[in-house]
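Below is one structure, written out as structure tokens; the observations come after it.
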Amino acid sequence: MSSNFTYDRLDKDKAMLLVIDLQDGLYLISRDRGPVQFKANILAHAELGKIFNLPTILTTSAQTGPNGPLPAEILAMHPDAPLIERHGEVNAWDNSDFRAAIKATGRTQVILAGITTDVCAAFLALSLREAGYSVFVHSDASGTFDQRTAIAAEDRMRAAGVQVLSLFAVACELMRDWRNTPGTNEMMPFFDKYLPEYGFLARAHDAALQGGTPSGLPKAS
Amino acid sequence: MSSNFTYDRLDKDKAMLLVIDLQDGLYLISRDRGPVQFKANILAHAELGKIFNLPTILTTSAQTGPNGPLPAEILAMHPDAPLIERHGEVNAWDNSDFRAAIKATGRTQVILAGITTDVCAAFLALSLREAGYSVFVHSDASGTFDQRTAIAAEDRMRAAGVQVLSLFAVACELMRDWRNTPGTNEMMPFFDKYLPEYGFLARAHDAALQGGTPSGLPKAS
Amino acid sequence: MSSNFTYDRLDKDKAMLLVIDLQDGLYLISRDRGPVQFKANILAHAELGKIFNLPTILTTSAQTGPNGPLPAEILAMHPDAPLIERHGEVNAWDNSDFRAAIKATGRTQVILAGITTDVCAAFLALSLREAGYSVFVHSDASGTFDQRTAIAAEDRMRAAGVQVLSLFAVACELMRDWRNTPGTNEMMPFFDKYLPEYGFLARAHDAALQGGTPSGLPKAS
Amino acid sequence: MSSNFTYDRLDKDKAMLLVIDLQDGLYLISRDRGPVQFKANILAHAELGKIFNLPTILTTSAQTGPNGPLPAEILAMHPDAPLIERHGEVNAWDNSDFRAAIKATGRTQVILAGITTDVCAAFLALSLREAGYSVFVHSDASGTFDQRTAIAAEDRMRAAGVQVLSLFAVACELMRDWRNTPGTNEMMPFFDKYLPEYGFLARAHDAALQGGTPSGLPKAS
Amino acid sequence: MSSNFTYDRLDKDKAMLLVIDLQDGLYLISRDRGPVQFKANILAHAELGKIFNLPTILTTSAQTGPNGPLPAEILAMHPDAPLIERHGEVNAWDNSDFRAAIKATGRTQVILAGITTDVCAAFLALSLREAGYSVFVHSDASGTFDQRTAIAAEDRMRAAGVQVLSLFAVACELMRDWRNTPGTNEMMPFFDKYLPEYGFLARAHDAALQGGTPSGLPKAS
Amino acid sequence: MSSNFTYDRLDKDKAMLLVIDLQDGLYLISRDRGPVQFKANILAHAELGKIFNLPTILTTSAQTGPNGPLPAEILAMHPDAPLIERHGEVNAWDNSDFRAAIKATGRTQVILAGITTDVCAAFLALSLREAGYSVFVHSDASGTFDQRTAIAAEDRMRAAGVQVLSLFAVACELMRDWRNTPGTNEMMPFFDKYLPEYGFLARAHDAALQGGTPSGLPKAS
Amino acid sequence: MSSNFTYDRLDKDKAMLLVIDLQDGLYLISRDRGPVQFKANILAHAELGKIFNLPTILTTSAQTGPNGPLPAEILAMHPDAPLIERHGEVNAWDNSDFRAAIKATGRTQVILAGITTDVCAAFLALSLREAGYSVFVHSDASGTFDQRTAIAAEDRMRAAGVQVLSLFAVACELMRDWRNTPGTNEMMPFFDKYLPEYGFLARAHDAALQGGTPSGLPKAS
Amino acid sequence: MSSNFTYDRLDKDKAMLLVIDLQDGLYLISRDRGPVQFKANILAHAELGKIFNLPTILTTSAQTGPNGPLPAEILAMHPDAPLIERHGEVNAWDNSDFRAAIKATGRTQVILAGITTDVCAAFLALSLREAGYSVFVHSDASGTFDQRTAIAAEDRMRAAGVQVLSLFAVACELMRDWRNTPGTNEMMPFFDKYLPEYGFLARAHDAALQGGTPSGLPKAS
């Protein structure tokens, strides 16, 4: 058997992470996910860079205007990351400081999330593809006006060879094996915080280990 | 403090259970729930009568025609229940055999589910209210053309004092206490079959008790 | 003008707060809201008791079984609140310790949230109404199998005179005036955490005050 | 690194804008977006031609019949644009006057919106692709019977290399930099009118600059 | 025949109109309707006061903070209306200036719209009902976090005798007869602006009168 | 047992049928149901009057304007029914000819459907309730801007004691027994035309009777 | 400019039309569109063959079993079309009579609709693509268990080069020009029947021509 | 005619079936389908291996932790299938025992279903594609956090040449002809259990054969 498909798989040693315009003001116009979930997702995005020790670049668009600054939590997580303030360019790739920061990482895989998905994220993703990078758009941490716009933007990116991944997929493709570092000890608290359905499953499991009593179901069910 | 509200609560010693036209053919026009779930719900409805030993009455509308017979599973569960075959009356209350069967139970609370919600279930529920019965419509086991029609029919019944209950509410209001009989031993297998999200929660719990290992979450989470 | 309607309005000096079976396992079967949002909502519910210093009562159903314990965060917020562990009663009102705890508060308004909405919350709410209490169901912090089941359960409670309120409504009806205590200083951080669309609006506003530049819109727009 | 992907990016000096059958009557059968939003979107589409000074071509299908004329607002915006009245051809490309008007622009990128998406827009887009043009369908300003039909039509166009863009993406890809002309001064009022969630964000920001008071949030949040 | 139901019908000589906290910032957290439609609806609400010459009262909550000022368009429509700035009270009825302004109108029917539906609109509506007013909530111009919250808030108000009306219902119940003033001449342009599906129907109709040609349908269809 | 609820049940000898503004133009702004289904529903509504020989009254609002005439099919079904053309009154009850036509029927139950649900149908329904009539709104044949508006309008009517019924409920409550006239022979073709899921069930059943072969399922399933 | 895209456009002289298992019984399991609309769509599909005089082939799967016969209306429209009864093959292409009938048409473009989309339609479409045919799946006239299944099946077909078209797109791509035959005279009645939003637009337009009066809108709107 | 498309069609003699992490705990976080339906789908998946006698491989991820064991029903169906317990690898292809088990089957087509779709299923599917296998993802039996995540994951797999199939498509493509073995006798009971809308159609048909009476429809309908 043979195949001409190559699985371009995230590798924590090849990847960088970009935070694109996930700004306090722009957050308010992102409505393709609920606001509580979307806030959690953008913090999770930033935290992945920290947990996996990925070169991380922050950028903003006109942050003294209505778009606002990045969330304080993200700035606190990445005090040493370059923060490229763009004063006009919509597409971050049009900013030479940003391009230089990207190149300085020496990495070839780009994980990015941005607001809005169809503009700030998509324009950059297409430019990165043209420049030869592997591009992984973290869909859960990208936002735009409505779900239909988001999906159409993702389709535009897919047509350029971009891979569109969920939070769980980004995290697990980076981790690969629960026995790695980061692995169980780092990622279980991460999932407990950002994917609480998984966290509460683990909490209920651990509670059972600490003095649980049988459910009453017959054995074989 | 005082209140002029009385909680008319299901009581397994006062309740009867009615299976109204849950026929093989009519099932095919019920589209306010997915077909796999709806089939499970109507079997669950019938099984509640068996588990709680409630007087149970079956009725059908023109069952040799397109409406078809009752599901074989329901007939097998209630071999001795009266089956009132109606040959014309849409509202079962218009059939004197049916009225007699209701009265013969000596019960005052009626749990019913029917297809369609807006016709066979609603017409009967309204007649039962007029006749003085407490009426509990089991919503999950009633079906009709679409969800909006179902909800409007439930609103019509509510305006007549009918209570509209979910499968879980009917079951738990009848059981009242997990230490009763029927209680844990009877109801856990029932929920495992008909509310599998609850069943799988119990299965995962029991598996943890039989050799589980910690999740890796820190203790206090 | 006259009216026979009396606005039964939450009063922080008359209200108590109940946490009904918001357990780690039961959380997993609650699907009428997304899991990230629902976790935030149940923590917000518990935190309201703390912020407004309301008498707070916790109760669980069979917590050593699959239902699991209460979330660690809630237990940590209310170390001194009574925790009534029910070992069989579905309706907490059927438990005499729970009834005693309610009565011991001396309060007449009950704010409650529970899993599931249609069983643990609804059964108790109906019993409380019968006992003469004013009942406010905090809808955002109650969960059940699906949205249709939730709304039907809320309708059942409304028919008994229960008021169904959102998180924002519970919080604001308790606060009444931003100049009160709790008021702006206590509630803005609360909303920043639990209603982040409001929090980010405030963040963007504050950022504008600290060095913002005009948007470019003409003045009069 | 290398890539065989070329980012075919809108360029205001290469692009033309087409208004395809956005007629008063056909508007009434477009139901994949709400009518208030859809009217705003089609006016925004026409206004983009004006703001960016793009060669603009209007065409209609049987406009004295039920399809009706173009909206008065569009005609008023483009008094000098060619208006090709088609008296039979469904696909505007089958009309030689229309083809001539296209060629006369000397442009190679086509931005188009039409009613219906699956017929008037899609047929033309496919013909334009065959003729070698870069085609950008402005999805927000195209309408059809329902959302599923719209998306399937967009998929058909994507398979032919058409790019499907939102209003915000078309506008920003044309503008590229807020410091350009058109830039902030032209586009902020445009967004205030057509993307009011962005406009109100700017309004609230500007209001804060003109005498706002702190929100009460602690500094670091 | 007799009935104990009285149709409490809007009367332009008995009604006042309230604009409750429809502020630029709060608009951004209103997500139960699309933003383009919601902006149109709140402007329509304010314009109804002008067209029908209703006593109109504006009020805001903490308008120098994140909630922001009222939209410039609304202020421009009502330069002489009282604008009650509340500096703390959530429920406008708790503000004595507001109560005085209401009473000063001498009217008994209140048409109101507010953000959020569940707090600013609902709290006031309930207080107005208690004070004996007829209350008509203009649902299309009220907004909140999501649709489920909106509908639950409307249900709470209905239980207090509030009538919940659409934009079209408010407008037509005030107009009553197209031959009145305001009537056709005033309301057709209003509907053209705010209910464009009706406006485009009229436009297409008028176009037919000005030189239309037959559709090709046979006569009798 | 006793009850103070009276089931106000449709009776073909007491009922009249009203066609309220189901006009060709207004049909185009009705979007709470798909257009194919809605057309079928309004024809079904009119046909019920014919099948059950109910006194039927037609009325239109400004039918030479954009609202348009009644569908040709409805006029053809009721050549002798009074057609009250209103030249200004929104609420048909405000038209004395219409009131006279209603009274002339001598009937006390009114089945009505109208466009829009929230205006033409609701205003009339409320007036009819005030005048003492039993009112049955045929929901499936009433239409308005969107589903949320429709349901809110139905809730307003319910609060006045109006009963909101589906097509199937209206038809079956009038028929009562399949052995009546109209009964099986009249209603099966009606359902085949207007509720084709029921019609195709009957067709498949009849086909089985005319030479069907077993499905291959084992007997007992 | 050049392009390597060829627009494979329907041509009434190259196309054939297939009716694949649109049987009375299978219709009952098709739930991705409402039943009234779906019945209309499958009749429209068959009628297109008749109007455009396309070679038409009917086929059924086990039609004496539960799947049932084709609808009587379709058989009546195509009394002379070959009807290939398959007694086992799921994929019609596996039936040699069917393959022969296809080949006998001498056509290269295949328009097909089938139940279910994911099995009977998709399997055949993929086989036809492998055999070199141009394949146009008429999506509106194909049905399956739910919408997600339908769309996934269409994606599978798209990946094989199948074009997925709406009813309006199939009809208009075949007609091309309203001045052709079939053209206005044939297609307007067709659309009046099957796309009634378009039909009613034409009816309202024609009514305006026959004595309409102005809407009251000012001229320029 | 020619085509460069090859229909890669499931062949029961070339296919193997994989059960990927369909574990009791992970089931609880799968919310893109209702829980009753999803449980049925995963059992159906496993049963297909048994009915078609496909080489079947089971694998789990950390099954003594919160993910839990495989459902007892699946283990009972496949007592002799290899069960590869992974103790760390997220992507089963990273486990050498699993790779060996795959290779040992000697098959080239892989049918797989997994939880979650975007991680356990997608990662493996992409690796299998790289290794040259034909991959068929059984979508109905795969689950993840929500529907949007599921569809995006399926799109990622499609881009790698994976085919995404429904339960009905997998079953019918394996069966090919109802006269085969497995054929009618094996598959009708299977569909009765897992696609009950098809099962009840068959039941109603068989009931008609056993004493049905005509529906009352006229012959020709």
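Chains: A, B, C, D, E, F, G and H, in written order; residue numbering restarts at 1 for each.
By our rule, a residue touches a chain if its C-beta (ideal position, glycine included) is under 8 Å from a C-beta of that chain, and two chains touch if they have at least 3 such contacts.
For each chain, UniProt lists the protein as follows: A, B, C, D, E, F, G, H = YcaC protein.
Note that the coordinates shown come from a computational prediction; the quantities given were computed from them, not determined experimentally.
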item	value
Interface sides of chain D (YcaC protein) and chain G (YcaC protein): same vs different residues, half threshold	different
Between chain A (YcaC protein) and its twin chain H (YcaC protein), rotation from the CA superposition, multiple of 5 degrees	90
Selected from A-H, F-G or F-H, interface repeating G-H by over half of its contact pairs	A-H
Which of B-H and F-H has more C-beta contact pairs	B-H
Centre-to-centre distance between chain F (YcaC protein) and chain E (YcaC protein) (centres being mean Cα positions), rounded to whole Å	30
For chain C (YcaC protein) paired with chain F (YcaC protein), centre-to-centre distance based on mean C-alpha positions, whole Å	43
Sites on chain C (YcaC protein) at which at least two other chains make contact	25, 28-29, 31, 34, 65-66, 68, 72, 178, 195, 197, 201-206, 208, 212-216, 221
Of all residues in chain D (YcaC protein), those that touch chain A (YcaC protein) in their complex	1-3, 5-7, 9, 139-140, 147, 151, 154, 158, 163-166, 168-169, 172-173, 175-180, 183, 195, 197-198, 201-202, 204-206, 220-221
List of chain A (YcaC protein) residues in touch with chain D (YcaC protein) within their complex	25, 28-29, 31, 62, 65-66, 68, 72, 87-91, 94, 108, 116, 118-119, 122-123, 126-127, 129-133, 144-145, 148-149, 152-153, 155-156, 159-161
Interface residues, chain D (YcaC protein) side, partner chain C (YcaC protein) - complex	178, 184-185, 188-189, 192, 199, 201-206, 208-209, 212-218, 221
Interfacial residue positions of chain E (YcaC protein) with respect to chain D (YcaC protein) in the complex	24-25, 27-28, 34-37, 39-40, 64-66, 68-69, 71-72, 194-197, 200-201, 203-204, 207-208, 211-216
